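Everything on this sheet refers to the single structure shown next.
Per-chain residue numbering starts at 1, and chain names A, B, C, D, E and F are given in the order in which the chains are listed.
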Amino acid sequence: MITEHSFSDTYITLAHGNGGRFMRELIEHLFAKYLDNAWLDTRADAAAMPFDESDFELMITTDGFTVDPLEFPGGNIGSLAIHGTVNDLAVAGATPRYLSLNAFIEEGLEIAVLDRLIRSMAEACRECGVDIVAGDTKVLRRGQGGGVYFAVTGVGQRNRSINLGIDKIQTGDCILLSGTAGDHGCAVLLAREQFGLSGTLKSDAASVFPVTRALLDLPGLRFMRDPTRGGIATVAHEMASAVAGTVKLVETAIPINEQVKTVAEILGYDPYYLACEGRVMAVVGAGDAEEALKRMRGAGCSEAAIIGEVQDGRTQVILETALGGERILEELEDDPLPRIC
Amino acid sequence: MITEHSFSDTYITLAHGNGGRFMRELIEHLFAKYLDNAWLDTRADAAAMPFDESDFELMITTDGFTVDPLEFPGGNIGSLAIHGTVNDLAVAGATPRYLSLNAFIEEGLEIAVLDRLIRSMAEACRECGVDIVAGDTKVLRRGQGGGVYFAVTGVGQRNRSINLGIDKIQTGDCILLSGTAGDHGCAVLLAREQFGLSGTLKSDAASVFPVTRALLDLPGLRFMRDPTRGGIATVAHEMASAVAGTVKLVETAIPINEQVKTVAEILGYDPYYLACEGRVMAVVGAGDAEEALKRMRGAGCSEAAIIGEVQDGRTQVILETALGGERILEELEDDPLPRIC
Amino acid sequence: MALDDARQWLDKIRALPLTSPVRIMNVCGGHERSISMAGLRSALPDMIDLIPGPGCPVCVCPEEDIYQAIQIGLNEPDSIVVAFGDMLRVPVNVSSKSVRSLEQAKAAGADIRPIASPSEAVRIAKSEPGKTVVFFVAGFETTCAPVAGMLAEGIPDNLLLLMSGRLTWPAVAMLLDYETPSFDALIAPGHVSTVMGPEEWQFVVDRHGFPAAIAGFTPDSLLAAIYSVLRQKLDGRIFLDNCYQQVVKPHGNPTARRLIESTLTIVDAPWRGIGIIPASGLELRADYAQHNARLRFPVHAENARKNAGAMPPGCDCARVVLGRIKPVDCKLYGVSCTPRSPVGPCMVSDEGACRIWWSSGIRTRSAEHEETTCT
Amino acid sequence: MALDDARQWLDKIRALPLTSPVRIMNVCGGHERSISMAGLRSALPDMIDLIPGPGCPVCVCPEEDIYQAIQIGLNEPDSIVVAFGDMLRVPVNVSSKSVRSLEQAKAAGADIRPIASPSEAVRIAKSEPGKTVVFFVAGFETTCAPVAGMLAEGIPDNLLLLMSGRLTWPAVAMLLDYETPSFDALIAPGHVSTVMGPEEWQFVVDRHGFPAAIAGFTPDSLLAAIYSVLRQKLDGRIFLDNCYQQVVKPHGNPTARRLIESTLTIVDAPWRGIGIIPASGLELRADYAQHNARLRFPVHAENARKNAGAMPPGCDCARVVLGRIKPVDCKLYGVSCTPRSPVGPCMVSDEGACRIWWSSGIRTRSAEHEETTCT
Amino acid sequence: MCLAIPMQIASINGSRAVCSIKGIEREVSLFLLQDEPIGIGDYVLIHVGYAIQKISAEEARSTWELLDQMLTEDAQHA
Amino acid sequence: MCLAIPMQIASINGSRAVCSIKGIEREVSLFLLQDEPIGIGDYVLIHVGYAIQKISAEEARSTWELLDQMLTEDAQHA
């Protein structure tokens, strides 16, 4: 049953696109309301659908990419668009195959910049073993839009025997993170040269397919997700809602780069809400957690860690602080703003 | 062999996105240069690729949609995005199945407007028998960008026995158009209320799948295309290049709405370059041309016409004028601008 | 119906006992465009040579003025430059890495907007009171009349004009004063005459003894005028025919002429590639000094800028515009100069002779037009 | 290391022989946030009640000032409003269909930009000479010192300030003057003291006999201060302790105090929900009249605007800010007032008591906190 | 140059009018025809949004038609 | 309120300095410390991009530590 929802806003604000609650409600109560069908699952990274009679399901995912600045240490919007799309297929348990690309380019963009972006994109495709098989470009009137937007759709195949899903999560499961949290969000923020800040931090943007492939045949694997917009706290919230229980994260267990911690302190941000673009959050039955950790590390994720667990209790995300206190990690309300307080 | 190309511009201009030569060169010498692979064909409406062992090929297409204004008589950017994507599959001979949707929404857009757009989108999906199975939204900083952009990827299936392509065109073939030319481009222009113009004209935006399905088993059918950006003149150019011959269009045979003619006269535009969003240009062996026309009309296209033919000669598009003179239809150089001369 | 009329005129022309080539010049880009759109050149007997003259206000607009408009857009803070769409792609004489046209200035960040009416300039100025709107006006009498109307009705303080108005008849007078005019008969411009009256063209007949006819822009009106000047030549009866009586009335539009006189003043003016033609320009009267962008802004053209006002090296636009050579006779035609990368202004505008010839499919001198040199 | 220290302090506190509840007020949102981030409330013995006081400059910023900043952004042509990020989401008392916050003004087209330093305000003003940049300054002494520094260094002509500076000690003095203060001991603000010196807080001890300690923002410093005031109370030895000696030096930062005195002036000032506290505001001195947005722009608040400056109906922020009730005691808490749709300012800022309590997971009075009424 | 097209006046409001042709309407200025008797239903020639002349019902013709006719009549009378 | 963090001065240019901590650099103003002897390597407390105080090496402590120590010493001496 679709229930009517009345939006508290009259206008779209940036908060409707930040991965938090406003965006979720916009998708649930507007897009999904109209577009609802048997295969559309707004919570899934990729959609599975019947297509042929063979052993594989066809998997489709799509993402739009906007970054300011277009280029940042560790990547650019071109490579990011490929990694982001491939990752959505990978965490869904699929092998990425084909991509489509839409480029919205702002009037006045330097061709040399575009050249670099598309080149990185091509490199990322080669590295990920995928091909862009359809594309389109539009040029936009000059705005404050930031030069270029990409929309990438990914098509992959998944063995029908794979049975992952957020609804497979159970109380007692362990939560793993394949690397440090928030590097991408923080690296992009630093690259903006706003607030007079600079650092040597690199984005973590990369394909997570090697990691997901390593985990895929682990019997206790329940669910994987790449914590992008909204960071690990937002994924933790999605897990808590799905299981109607408490997700407990342990502050001391979460790997966070020192530079990310420092920037978060300076600006009054919370690193758990900063985006990663090359990490996997995986939920695994407690008995398989150590094995999952070993496999993650074996796939090159030396900083992978078990960062929390799923518990009975109210639907919430709790952070156990270093002092043994507890703090609620609220659902992301809005884009972070620099604070003085 | 990929040859090096040096762009005459330093910056992207609107001309790089208008469907004309500048855009083609941008795609050939930048996007395709880097992204080249066995399946990518920048000239095709949809990409065919092996996927399973059954009777069908998987077809993928993608398009970005930007319209100013977002709503216009006969449609809006929501319905247009579906029709445009479905049409690219349809003219490639495929049956559209699944779509992915990316929405880039500008900060400040009225939610009520977005509501109307997505509703129209859903209606268009139902009418075309397709489902959106993956989606993503991004909110953009306020610019002059026009409120919302959509990127839609379409996946369809095509019987392996179907053998269409621009390279199948032969000298002597006839060219058909399924309805009046330029209605969409002109209706959008009128909806802008720029230049103090208004009219009752409606966009032709619609699914062409009924038309393409009706033509599909005609033995003499060589090629179909929807003449969108750049209009019928641009498609005629693509045909002329493919066959390395002359495409001759007959002015008196091309159905054009009186209002389109008038607006073109007032602003000094050429209607052959104005976009359609619900027409098919089909190339058919001369012997099947009358049958093709009958089928188009049978599929509801009462104004369908045989508008020209493919001839030996220089690679060019010639318009035979009403007075029996000849005029070259040049390749579109640039977006039209209102003229005083 | 007009089409049937056109066919009848065509038949009448074909029936004329022409024995030697006749060169008929038009001085209106609109005529040239109608000729080309209707395919008249290929439909008319070979003996008839239709020659485009200095009829494109875009082509003859001084390079310095376009440069100035570009620089205002790029450099003056909070400026908006508005211009008729035709002007946006005309190149100036700067290196190809610099900003060469108003359109490139727009891509480089200037606020440049194409308009289709002086009313839009006023509307934009009113809706952006914090900005200075500069209306770059290139145009002949027909276009200057609405601009004069706009001025007379009153314009907002923040609307300035960069006037490049031009009168057509002085250019034709200059061509006729040459020792060997490059044409044998004149098709006079219909809409200029609508405003200014047919009388302006009487001098062609009276002083120079050349056949002349005023034409409209439909094939039938153009063909009627072509028929008329051919008959004048054949029969030896030379007079100013008016083949566009629907709108070309005696004395034209007196109100428009009065408004032009009260707001604009006639000045000596440069024509791109031709040089200064005395008393051929329309500039703002002194009462409008506050709205004159030339007076309000510094001349952006650095003195050091090479080739300011000159034609690009190798470009023969000057002689093309004067009807002394045909486009294909320019060495750059189709070589370095094409609509894609125009060298001279004649290759830019839809009204430019070179552009029109290119669009008519004429690609090289040697191919179809060995006979085209007309000097 | 600091964490080990924190554990040691926690152990020392747990070892104290507390027999009755002690209410410890802090007057710094930063303290409140550190307490919440470190989970101190759940880690400390139940007997200890940590009470947030009027320590959030965002919460106490007058509604009229925010309304004024919004109206400047919406109505003054070519204006840019810059403010510290915290201020952007604070709502004013207008209907929910109107523009209620600076962030909504931005969505509605105003040019509103969050900044993280006064230097950015100067940089923006310099890079946009054609615009008027209005820096909306809400802040306590710590923040007013850099603003004073910015002014003393010299600012561009097009940079105006809308000053809502506030002094912290007069608010605490007012609380202590109540018949029944809502707390038993004070944690004094560390960074205010860094600038102004610890001496400002001596009156708490001397005049009122309340235990007091200045704390920094790490758990160890806060726990040291909590330990100190508890020991003071238990041992009956009342003094002003300084648990933040790294930066809180005698007399604070004399340069900063001198700059504040030379650029700003102390005025009676309204605190949102509290009313006017005498001599508690910092406003620009008369020498800076040219830069004073209050003087340069009309007061946008129409007199007709209902509830200007008032608290929203039903909102108990005033008593929350005064420490007289706890957030959960407000009837709107968690009902119509949540961080998602805040009614009062205390639910907006990350430093607002209601927001912090909500973030700590405290959802309803009846559930976990039946005992929370502290009046 | 001077692209202009004929339109019919549909409504007049001071010196502004809405003109139409074949279903397309355009807002135009009548300022240059202020001294002409002009009304709804009249055809005018529009250039850059301004009516520059009233259009009469004549066909495209050349004085030669008249001359030829006169000559023919003369011949018949002779 | 008054979020502030300690950083180390990496370079000084007039009243501006670049400070760093754990690999993050920030441009800050030293204007409020103009009367202090200050140099590269010093730690300062930064609030809204301004250094508001020099940081000394002390630990977080309470006067009670000192008092208790004195009391203990007193007791020992007694």
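The rule is simple: contacts are C-beta pairs under 8 Å (C-beta built on N, C-alpha and C of every residue); 3 or more make two chains touch, one makes a residue touch a chain.
Keep in mind it's a predicted model, so treat the numbers as computed, not measured.
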Touching chain B and also chain C, the following chains: A, D, E
Taking each chain's C-alpha mean as its centre, the one farthest from chain E: F
Between B-E and C-E, the pair joined by more C-beta contacts: C-E
Angle (degrees, nearest 5) of the CA superposition of chain C onto chain D: 180
Inter-centroid spacing, chain F versus chain A (mean Cα positions, whole Å): 39
Intercentroid distance (Cα basis), chain F paired with chain C, Å: 75
Chain centre separation (chain D, chain F; CA means) in Å: 23
Between chain D and chain B, distance of the C-alpha-averaged centres to the nearest whole Å: 59
Residues within chain D bordering two or more other chains: 29-30, 56-58, 84, 106-108, 116-117, 119-120, 139, 143, 351
Contacts with two or more other chains, residues of chain F listed in rising order: 1-3, 27, 47-49
Multi-chain contact residues (two or more partners), chain A: 10-14, 107-108, 142, 195-196, 268, 339-341
Chain contact topology (line, ring, star, complete or other): other
Interchain pairs in contact, sorted by label: A-B, A-C, A-D, A-F, B-C, B-D, B-E, C-D, C-E, D-F
Residues of chain C touching chain B in the complex: 3, 6-7, 10, 29-30, 33, 36-43, 56-58, 84-86, 88-89, 96-97, 103-104, 106-108, 114-117, 119-120, 139, 143, 219, 339-341, 349-351, 358-361
List of chain B residues in touch with chain A within their complex: 7, 9-18, 23, 26-27, 30-31, 34-35, 37-40, 42, 46-47, 49, 51-54, 56, 58, 60-66, 68, 97-98, 100-111, 114-115, 118-119, 121-122, 125, 131-146, 149, 151, 153, 155, 157
Interface residues, chain B side, partner chain C - complex: 8-14, 21, 194-196, 267-268, 316, 318, 320-328, 330, 333-334, 336-341
Footprint of chain D on chain B - complex, ascending: 107-108, 142
Touching residues on chain C, where the partner in the complex is chain E: 2, 5, 28-30, 55-58, 84, 116-120, 139-140, 142-143, 145-146, 149, 152-153, 189-192, 194-195, 213, 216-218, 220-221, 224-225, 227-228, 231, 239, 241-247, 249, 252-256, 259, 351
